[in-house]
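First comes the structure, then the notes that go with it.
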Amino acid sequence: MARSDVTKLSFILLFAPFALWIALLIILPQLGIGYISLREKVGPGEYTFGVSNYVAFLSEPIYWNTLLRTAWMSILVTAMALIVGFPVAYYIAKIAQRRSRAALFLMCLIPLWVSDLVRAFGWIVILRETGLVSSFLQKIGLVSGPVEFLYNDATVVMGLVYTVVLFMIVPLVSTLDGMDNSLIEAGYNLGGSRFTVFRRIVVPYAMPGIVAGCIIVFMLTAGSYLTPILLGGKNSMWFTEQIYEQFVTRYNWESGATFGVLLLVFTSFVVWLGLRLTDQSLASTVAKD
Amino acid sequence: ETLRLLTWGGYAPDNVIKLFEEANPDITVEVTLSNNEEMVAKLRATGGAGYDLAQPSHDRIFAAQQEYNIYKPLDLSKVDTAALAPNLLEGVKANATIDGALYAVPHQWGTSGIVADISKAPDVKGWGDLCNPEYKGRTSMRLRRTILLGTAFSLGKDPFALYGDKAAYQTMLDEVTEKLIACKDNVKTYWNGGDDLSTLLLSGEVVVSEAWDSTAFKLYGQNKNLVYVPPETGALAWIDTFVIPRKGEADDAAYKWINFVMKPEIVKLMSDSTGAIAAVSNGIDLLPDDKKAAVKAAFDEKDLANLKFFANIPAGLEDMEGKALERIKAAASN
Amino acid sequence: MNVAAPQSPLLRWVYRGYMLAFLIYLAAPLFAAGMFAFNDSMFPALPWNGFTLDWFFSSTEPKIGMFHDRRLLRGLQNSLIIGVAVSAMAVAAGTCNAFLFERKQFPGKNIFYILMIVPLVIPGVILGISLLVFASMIANGLEETFGIEWDFLRPGIFLVILGQFSFLTTITSLVIAARLRKFDIALEEAAFNLGASRLRVLMTVTLPYLMPALFSAFVVAFLVSFENFNTTLMLVGSDAPLTITMYDRMVKVGSTPVLNAVSFFLMVGSGALALLSVVVQRKDEQT
Amino acid sequence: MHDLQCESLSKRFGAYTAVNSVSFNVPRGSFFSILGPSGCGKTTLMRMIAGFEEPTSGDIRIKGQSVLSTPPNKRPVKMVFQHLALFPMMNIGENIAYGLRCRGENKADITRKVAQVLDRVGLPGTEQKQVSQLSGGQKQRIAIARCMVLEPDVLLLDEPLGALDLKLRERMKIELKQLQHQFETTFLYITHDQSEALLMSDNVAVMNAGQFEQIGSPQELYNDPKTGFVAGFVGDSNRWPGRALSVADGKVRVALDGGGEAIATAGDDRIAAGSTVELFVRPEVLSVGPGAENRLEGTVESLLFNGASSRILVRAQGGNLIEVGQAVMDGTNRVQPGARVDIGWSHGHGRCFSVSR
Amino acid sequence: MHDLQCESLSKRFGAYTAVNSVSFNVPRGSFFSILGPSGCGKTTLMRMIAGFEEPTSGDIRIKGQSVLSTPPNKRPVKMVFQHLALFPMMNIGENIAYGLRCRGENKADITRKVAQVLDRVGLPGTEQKQVSQLSGGQKQRIAIARCMVLEPDVLLLDEPLGALDLKLRERMKIELKQLQHQFETTFLYITHDQSEALLMSDNVAVMNAGQFEQIGSPQELYNDPKTGFVAGFVGDSNRWPGRALSVADGKVRVALDGGGEAIATAGDDRIAAGSTVELFVRPEVLSVGPGAENRLEGTVESLLFNGASSRILVRAQGGNLIEVGQAVMDGTNRVQPGARVDIGWSHGHGRCFSVSR
């Protein structure tokens, strides 16, 4: 039939760009670094295959410590972003008046449109020993000498939370927005206290949004580069930095690729674990907004 | 025609480019700022394409070329060799000749050493002072191979001599690593670029730091207390060179640029911008006055004679050094 | 009364205070970064030496304003080219994907759908290096076996575009699909029924309906592309976009307030763009 | 004894008065409805009783106790929401157990009570089902069960049938009434659908623009409306504007604006000779043919067949449209479109209200 | 002459038969309704006529011409969608002009025709308004105007009143019928609301599970249903299961399962003595009190007051529930809950259908 031909043709036309995109830009490149990561260098321009890059990773505590540190900090940042962002999302979705809601949301989004670099730069200006906060504290006499706020993990976490919190707020707002106020009212009406209603109704309802936000935030944090480097101090190690070092400073594509694969696998594992624990699925959470 | 330069910050100042383009109206200059590691990494990724002229240091040519084949041999006849300081040219030749082909000519040289605020740290002598508890929390360094080498010298070793013996080099590195980890408490932060360094020193947050002499000279212009101190074991010296990437598309323009920046009047402008000393016969004299003063304040003849030029890094060492640096970075401190 | 809000006045004020603190937190670094663009000093730091617009407009050394700084302008230009190209491609591909996943039934749809989302959760650095490695493998292979040189597979604008495209397409697909999902297919059937051809239906009914989503997808893609660092860093060649130029400048030369000026300029620009997109969206909601 | 008493309850939003000095009492165990058009303030009134809005003035008493200072989660009134507001993230059992858990009852009691109430609403053994697995009518019953398990003094229902489809709504009306009998709880029911209010309630309050127009049994409202609004809103009615010619003994002679005269019962005591009035006559009291006390002539415009509630549309000579009720049982129409007919009704069946302009 | 003819039209989705060999003819200019419960295949049937689904078998003819191979955008049938499907990105004028533009008519003609049709649906001069500025009823009319401006042979309407609220729906029923008269076009109307079908149609087809049960005028369907489904679906009915005792002269003696006996008209010819049957009696033909031909005894369970369509619920001795129609006009109930009553009706008013198990 002519009509089924049209259907088929339109399907092919729509599927082709998708297939090209996913295959050429996502799957094959990932396989590519997988392939490189299995290459062992035996001499200039000579390679054999094996898992020695992975063995090297595992046998060097610095590397996996960095990976663990990155993961741990990312989880911390994710949790912080959730704690900081939830009240904000709740305010925007449930408390603010209709009109101010849009404005608030927009205000929250503005920093999103400025590059990481600018934001980190801003923090440096504020937090450095001779920066605004330190000067201000000295001026009001709270401290006698200059105080350094930069170059420590707390600053890194704060800076990372800053860069990612909006990715937490957006999905949260969109799920909370879909929540009928009458659910909350019903929660009170049936005798629930403020805390009960929050724990048993609001949070479970927002769960898909929470999970989506956490996944995105976790991934962004684990993959971030500038903020930990610029704000981090002398102990600050970040796994993406390691990858960059391997690729650029050490000219070692093999171990760089290995690190890349490991980062991907490890973060995917964390995300999978999170999805399992909260009983959600990737498609139903992230794709919702 | 476009000349795509892959070079260090300051090595292609706008005024020089302007003059060059006036002299060669058919050429426009495009600049990408980079550093040693990135230059090699980029050229490696592009297979030597994308740029027409690059400026790695003299020790970054041999191994990179052997491994990745990213440069093309230079035609020395097209370079105005007469202008170049013969000793530097020979040095570079020794470092950058492979199978009889020469891959680089010198452009600028400079040193890495210590910068100190003499009003607060008057007694700084050498690399070891970075770890001097007297300046606890007031020192800084760049966590790269320079500090490894410097510390090695301060411990009385000669790392360049150990280049041939990996095991010995590793032993030395271990010692250096230990020293630097112990020193970590002393350090306020590790700086990443000239900007970091300047801000740290000018704001007074740091009083002693490892530094590039060029940055130090600039700082001297701002604050006469900030003085470059060549370590007593000898400042580490580097020569930034010109190389032509294997797939460079504007060789003629590249040679024109090389010869152009060696002209005395351009050297002056260039040195003003880079803070480094041009690899021409009377390089120091062609420095702008304030820098000249800074150099004179920093170096005496003895220091100049005591320069330690970087040697070609044999393959594999860089990995070892990298690991050492990572261990330092990863080590705990407060 | 809004039962969702805290009931006691004290708590309400505490909550408002929290919101205010949050907004200050959001604005602080932007404000700081923007403020020093107007400081009449060579360093983006205190002390405050007085107000100046030099860092925008001056054309004389040493204070070259951003509008006279050739490299920054070139970076800006590259960013614009990349942004527009990437956004256009991502919107086009996103539209195809939206139609594919909203309108078509095919085996393995769920798996493909997850594949579509996956780029969003791959760290940007990894997207960058994997593409770099893959492209280099092809380019090296071609060069070694056939002697063909495909320079566009080497780091440069083209790879940057591909790299950003690879994850932006997910975002645009999701934005457009969300809108398409709300589209009542009966509108298309009504148009058919009234005698329109397939193409005409697409042009007069479906695409106009999708327009606000296409527009905001474009804006989002453009802004994300403009500020992207992680993916671009690995793929950039000699034509660096603005963020990379700024980063190089900051780390390799040293920052002057001109970088603050650029930041300020970008903030204002993207703020205006974001505002525009919201206005478009809002206008659409009203109809 | 009254389960619920409201005393001159008012609620203002800014300058707008949503509920205006409303007073009523609901006796224990009765089914009380509030009937009014959209936006008249019904929901606002109910939300004040549930505690989600604070009255601007007035008092609310439950079992004689003022509850004004009781927070919403402590009031002994439970509410069935318009869209039910079943918790989508809990299953049926958890939904029903929610209130009991909030009270802190022990596990065994909760399980027993949940099973019991599910049994009573006719859905035994559905504890493990998800909300989305139930049909509209079943959800309805779960929403009621969720409240009833807490044994509230008063159950509030805000247009609970609004979201259901036609046939189901018919069934649920009867079912709701039966549930109320079973639980013997006081129901306060809000609706804008007069048939719901009439069918189920012991007493109905008709509300308009924030005020109660009339409170009474369904029969009272239907047969003896006290205002024009009630006469028009409760049940179908023909409604013709006119002018009172004379008033005597509670009977008014009305000259209709469209032409013709009729005598009707005076609905209120503000009617005087010459005042503008409206005449209300229900379609089912009209008959075709001569001989009734009041008469209008007209032409049959169309026949609307609908079984027992069929209608004849007649255009009166003056232009008024007359709906005449006609139960067609045997398929033969006594009149045909285009025919000239006389429409008649007795004096007592017309009702006349003054119109305030 | 028939505008639309369908001949043993079938549609299967996989193993499921949505429409099963349906045949019917719609005469020119008539109002034809298809009435059936949700999911019976009405929309599928209509989509086949509009060309959005391909029939599995059978033929569709418009003005005698088969349109099976005509693509949907070329068929001379226009469709009003359930949610109207007005284009939100165009104003009213553009919406209506859309079809004309697709045909490539010239500007001046389009403007004229749009103005004309807006005039005819009673919304002149609204060309520049946005869709969102119109009320539900006005949108309805625009949706019809958008189709009618193309002068289709047949207008298809898929539950166009489904989305409107109660009061508006009542009004629009009458209005739709008037519009159809005005345009003199063939309307094919789909609904699951029997009152809509009865009120407006010249002919109604009752559909069930993909098949037509009966086609006839509203009166025929109401008064002379041919199957049990039609008897139950069209209008309210009491429905009691029983067993045929004897059949004679088209009359059946039925023993009701709940106890009691009755005589009724045989609805189909498959009824034999001993076969299982269902007896259908409409509430409005039942009367309270002794003396009718058929009688059931029972106890009044409750009174459902709803003005002219009030009901008495009686529990028969055997347990059957009896709905008795009772138009309460004067507020006095003749019976009270708990009273024992006799319910009676004449032979001719009961109808009996065989039940196939």
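Chains: A, B, C, D and E, in written order; residue numbering restarts at 1 for each.
To be clear about the criterion, contacts are C-beta pairs under 8 Å (C-beta built on N, C-alpha and C of every residue); 3 or more make two chains touch, one makes a residue touch a chain.
The chain lineup, named per UniProt: A, C = ABC transporter permease subunit; D, E = ATP-binding cassette domain-containing protein.
Computed from a predicted structure; not experimentally measured.
**Q** Could you tell me which chain lies farthest from chain D when each chain's centre is the average position of its Cα atoms?
**A** B
**Q** For this structure, I'd like the pair of chains sharing the most C-beta contacts.
**A** A-C
**Q** Counting in whole Å, what is the centre-to-centre distance of chain A and chain E, each centre being its mean C-alpha position?
**A** Computed value for the inter-centroid distance: 57 Å.
**Q** What is the distance, in whole Å, between the centres of chain A and chain C, each centre taken as the mean of its C-alpha atoms?
**A** 16
**Q** Calculate how many whole Å lie between the centre of chain B and the centre of chain C, each centre taken as the average of the chain's C-alpha atoms.
**A** Measuring from centre to centre gives 36 Å for this pair.
**Q** At least two partner chains per residue is the criterion; list those residues in chain C.
**A** Residues 3, 45, 250, 255 of chain C each touch two or more of the other chains.
**Q** Hunt down the residues of chain D that sit against at least two other chains at once, touch-wise.
**A** 52, 71-72
**Q** Please list all residues of chain B that touch 2 or more other chains.
**A** 192, 199, 203 - these are the residues of chain B that touch more than one other chain.
**Q** Would you pull the chain E residues touching chain D in the complex into a rising list?
**A** Checking each residue of chain E against chain D gives 38, 166, 174, 177, 192-193, 195, 198-199, 218-220, 222-224, 234-236, 282-285, 302, 304-309, 313, 325, 327-331, 333, 349.
**Q** Quick one: which bits of chain C touch chain A in the complex? Just the residue numbers, please.
**A** These residues of chain C touch chain A: 2-6, 15, 18-19, 22-23, 25-33, 36, 44-46, 92-93, 96-97, 99-100, 104, 106, 110, 112-127, 129-131, 133-134, 137, 162-163, 165-166, 169, 174, 177-178, 198, 223, 226-230, 233-234, 243, 246-247, 250, 255, 259-260, 263, 266-267, 270-271, 273-275, 278, 282.
**Q** Can you list the residues on chain A that touch chain B in the complex?
**A** 44-45, 60, 62-63, 65-66, 128-130, 146, 148, 150-151, 229, 233-235, 237, 242, 245, 247-252
**Q** For chain B, which residues count as touching chain C in their complex?
**A** 4, 6, 8-10, 14-15, 30-35, 42, 45-47, 49-51, 192-196, 198-199, 202-203, 247
**Q** Considering only the defined contacts, which chain C positions touch chain E in the complex?
**A** Interface residues on chain C, with respect to chain E: 184, 186-187, 189-197, 200, 204-205, 208-209, 211, 286-287.
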